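In what comes next, chain A is part of two complexes: it sits with chain B in the first one and with chain C in the second one.
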Partner chain A sequence: MTQSAKIPVRVSHIEPLNASLRRITLEPADGRLFPASAAGAHIQLELIGEARIWRNAYSLVSPPGSRTAYTIIVRKVPQGRGGSLFLHERLAVGQTLNMSPPVNLFPIARLARKHLMLAAGIGVTPFLAYRTDLAETPFELHLRCRATDQAAFETLLANWPQYHIHTTPDLHVSDLLRRQPLGTHLYLCGPAGFMQSAETAARALGWPEARIHQEHFGGPAGGHPFTAILARSGRTIHVAQDQTLLEAIEAANIDAPSLCRGGACGECRLTLLAGSPDHRDHFLTESEHATSIMPCVSRSHSETITIDI
Partner chain B sequence: MDQGIKSRPRYQPFRIDPTGTRHLIVTDQPSPPPDTPEATELWTLSPHPGTQIFATPTLLFAALAQHLAGQGPGFRLYAIGTEPFIWDAAHIGTEAGLTMQEISLHHAGSLARRVHCIHCKTNIEGVTTNIVPCNSCGAPLFVRDHFSRRLRAFMGVRVDAETPGILPPTETLYA
Partner chain C sequence: MFNPDESFRPSFSYKNSDQAILRFPFPFPQDKYMYLVNLEPHVKGGPTAAYDATFDVDEHYIAECADRALTLIADPKRCQVLPHMMAAQWDTLELIMESFAADYPEHFTLIREGDAWTWINRPLNIEQHFTFGDPATLPYAPFEYITRQAQGDFTIHDQRDNDLWMDGGMVTAQADWSLDFDLGMSFMEWHGPVPKAHELGVFDRALKFLLRLQVDAPVRRVNWTMTVNPRLDTSPEAYPVWGPDRTTITAENVAEKLHLRVELQTLFRLPRSNGILFGIRCYLISLADLARVEKWRKRLHRVLRDLDPAVIEYKGLTRTRPAALLYLAQFDDGAPIPPGTAPDQTALL
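After this line comes the complex of A and B, so read on.
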């Protein structure tokens, strides 16, 4: 969070969309206006629990350019790291939180001849902000979701001229990718498995990288606890199984840059000095993995890892 | 003569992009590239066995635009030849929705340039010298290495603006 100042926000509305989805509206708590954000942007919320702090990223679903309120939709993940449970069970209207300014790692490609948007589950959220910005460009939106979420998502998509919801395995991604005209851009957002298989299919069909856009979310999965030696600070810290390396560094009061906290943007990249890293990012190349690590998602295979911070 | 201008395109040697699934090569050169895989089509201006032949670049580009309208992901376009030819091909490709990741350009043959007179916006074809008179406004133009991908031409700038009538010697540099 060294990049930009935090913005204080007040929770102004909480609406349940179904048993596991809630829409949360945030307003500026300092009497100022929010920065205007573009379609596809996300913010980071600082959630201060009793035992720990979560810094979780959420896509903005409010229309691009909104400055008096931002809206997010949060899925309750009982077996998650706790941030979503905090937002579902502890958050109340009137509460204030710290928010990072919006960052956009998933913008609409302006030169696209067509937009093909593939979402799974709560991965539909960044696309909700796309609607008013798609202009005259043709598009297709396909959303794969559980039957129990269908009604809630249909309500969210009510102002879309057309969309496709798939609650059975009838979304044939390869066929869809094969029949797109030249100049189509592909946008993927959903769980890692969904995105990986769609990306693999796209590459097998010859889609060039510049026309594949991905928004990774879901947050880092935990792993074995390990010890990190912070060479420059001369500190040794413990990384718990449900904590990320970045969170452990922050808990030790060391100021570390971060942005997306999902292994996508490269902002938190650190130099790796020793140890056997468990790379989980989507940013560094294979050769960069030899000397760098992204602490927001990556962990360690070895009991100890040494990084330059 | 290197003018130290970064917009001067640099070209890689020809090779088929293994991430593509269908490949079309267009060329204005008499000899086709060697060793092309099976899924490759070759369009030329001169007769070769197994290629589609066009009488002029204009006819080839018209057919290309039509061909591209029916293509989808996996298509790769390669243009081999003189710079005006390969950049015209790239223009047809990007107009059809291809990104430059799906197009590869390879210079072969003459170095003759298309020069864009920045004063009257006229293109002068086949320029081989460092100084060329604009065939529309008559200005003596210095041919810069400054290349515009949008205009598909090198920029020609009046060379005697400060000393009217006094010109550096004309040399043939782009034969």
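After this line comes the complex of A and C, so read on.
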């Protein structure tokens, strides 16, 4: 796949939204305009720490069409792999970073009769950019979040004509799905468990595949460390517990394509030659899992795994 | 630099300068032709100068825009866009205006003050003030507005359900296919009539690739056929006009009358709509002009001679190929020629 060139960006603004959320504004550092941002699009930021590099994906929350600045919202995850901590504790205004151009794996379905958006926590971010594109189509947004985040999210949603915030377990997804008119499209963004249960409920009610849209994020939690043999490069690398296989490949200076880094797009797919994989992607089929692996999220059950790169 | 008075209709005053011949995007890197997924990054620079810009503007620019306007008067359905494609329309306008202004500052200028844009097109003598995002401020819908000022056909494709849908287009210079017929079709549907390629798995692979096409990383390929007389409009709608041309080829007139028709096809991911813009830029060269490049005349002879019968039929070459082969055979000594499509000479024979 043809990869877009990286875009240099400068951090122009950092704004805390509450104790664990901060909004970061990025501007072009090369004097050019960004590609127009879009509802549902994300970018990848290259974060260069002292000991390692993170390449993390963040939804754009800027209004669609933005070309002079992009905005993202980042939650601090103390138990994460470190990228969010870097953005919360190390990032400063004026710093420059490399960014990949936006990719949209979660676009608005423009033929939908109605949009039903279900978000949990920071999963609300892609929907923030949806608002101006919803136009005349009816919509419903439900956000489940902790009480401590409610005020911050309400501020972010201040320009929405209507929305529903649930801080108690009163969001009954099946009931909600059951009363939607035909032609409604369902959009899900949040932690894996939240998305899975909503998707299962939709399928049980007979929602067609093409009407269910999901944006996965924060998938690659760590796991046991393991060793990867890269057959074509003739290299053997160590994958640490807080590192993804893709990150380990990149750390070994081997070119590997990637887009969403969340197991959804298929871009980083590699051929699996030996080992017992721990598949965590949302892209490959059962039968493809026998011969392929997506290193952005998947790991290894066996101590060693061999892949064709 | 432009030939504003040339015509792609009877009189057929269209002609290529020496420079235009040398920059022709000759399509055959090898002596044998078969379908394959010949997509490559659309970066500036290639075997000829036709690859130097995002959207190539050449000496035929003014005449091609005029020919398009005539075709649209006779048949407005050559430009159609489905209602859900408005974001893709603005994407297209933005991409073409920015590319033209960057690649040809002597001809085009784009001034942007927020949403207040000014577009200056010197060759066509246009100065347009408009509000980006407000279709009412342009004389045509944004896609039609800008593609009336560009060479080559364009289609815009919505991406949904893991497929691409031909949900809009400006098609007045086509090699015998119809936008009015294909509008709203999926990728496999509009490629349905192409022989051989389906069995080769070409379309499965191409679709998978295109679904992941990225912003700022366009790709290109070339396609080809042959056309009698330098006509841009060889559409099914106008078949009664141009179809009979195929019966007029003789050994005496084949060199002047028969043209190799090459499409430099480009594909862009559109950022606002997440759609894809497909540019189909048509180049025409007579066999007589093509024969002024030694490598090209030999190679075209070999490609036509050994062409698969299904491809001959599909490309509509059955009647014209024998005369073309007769003409080209005289130049071909059978000696090996280097691979690639560059002319490998700086002056014409």
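By definition in this document, the second predicted complex is superposed on the first by the 306 of 309 C-alpha atoms of A that agree within 3 Å, B and C clash if a C-alpha of one lies under 4 Å from a C-alpha of the other, contacts with A are read in each partner's own complex, and residues count from 1 in each chain.
Rule of thumb we're sticking to: a residue touches a chain if its C-beta (ideal position, glycine included) is under 8 Å from a C-beta of that chain, and two chains touch if they have at least 3 such contacts.
What you see is a predicted model; the values in this text were computed from it and never measured.
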First (chain B), second (chain C), both or neither touched by A:210
both
Which of chain B and chain C A:103 touches, first, second, both or neither:
second
Which holds for A:113: it touches chain B only (first), chain C only (second), both, or neither?
first
Going by the contact rule stated at the top, is it chain B or chain C that touches a larger number of residues on chain A?
C
Looking at A:92, would you say it contacts chain B, chain C, both, or neither? Reply first, second, both or neither.
neither
Is A:177 contacted by the first partner chain B, the second partner chain C, both or neither?
first
Considering only the touch criterion stated at the top, classify A:202 as touching first (chain B), second (chain C), both, or neither.
first
Touching chain B and also chain C: which chain A residues?
210
Under the touch definition given earlier, write down the residues of chain C that touch chain A in their complex.
41, 84-85, 87, 91, 94, 133, 158-161, 209, 212-217, 219, 271-274
Touching chain B in the complex: which residues of chain A?
113, 177-184, 202-203, 205-211
So in the complex, the part of chain B that touches chain A is made up of which residues?
19-22, 68, 71-76, 96-99, 101-102
Okay, in this complex, where on chain A does chain C touch?
1-5, 35-38, 40-41, 64-65, 101-104, 107, 109-111, 133, 210, 259, 265-267
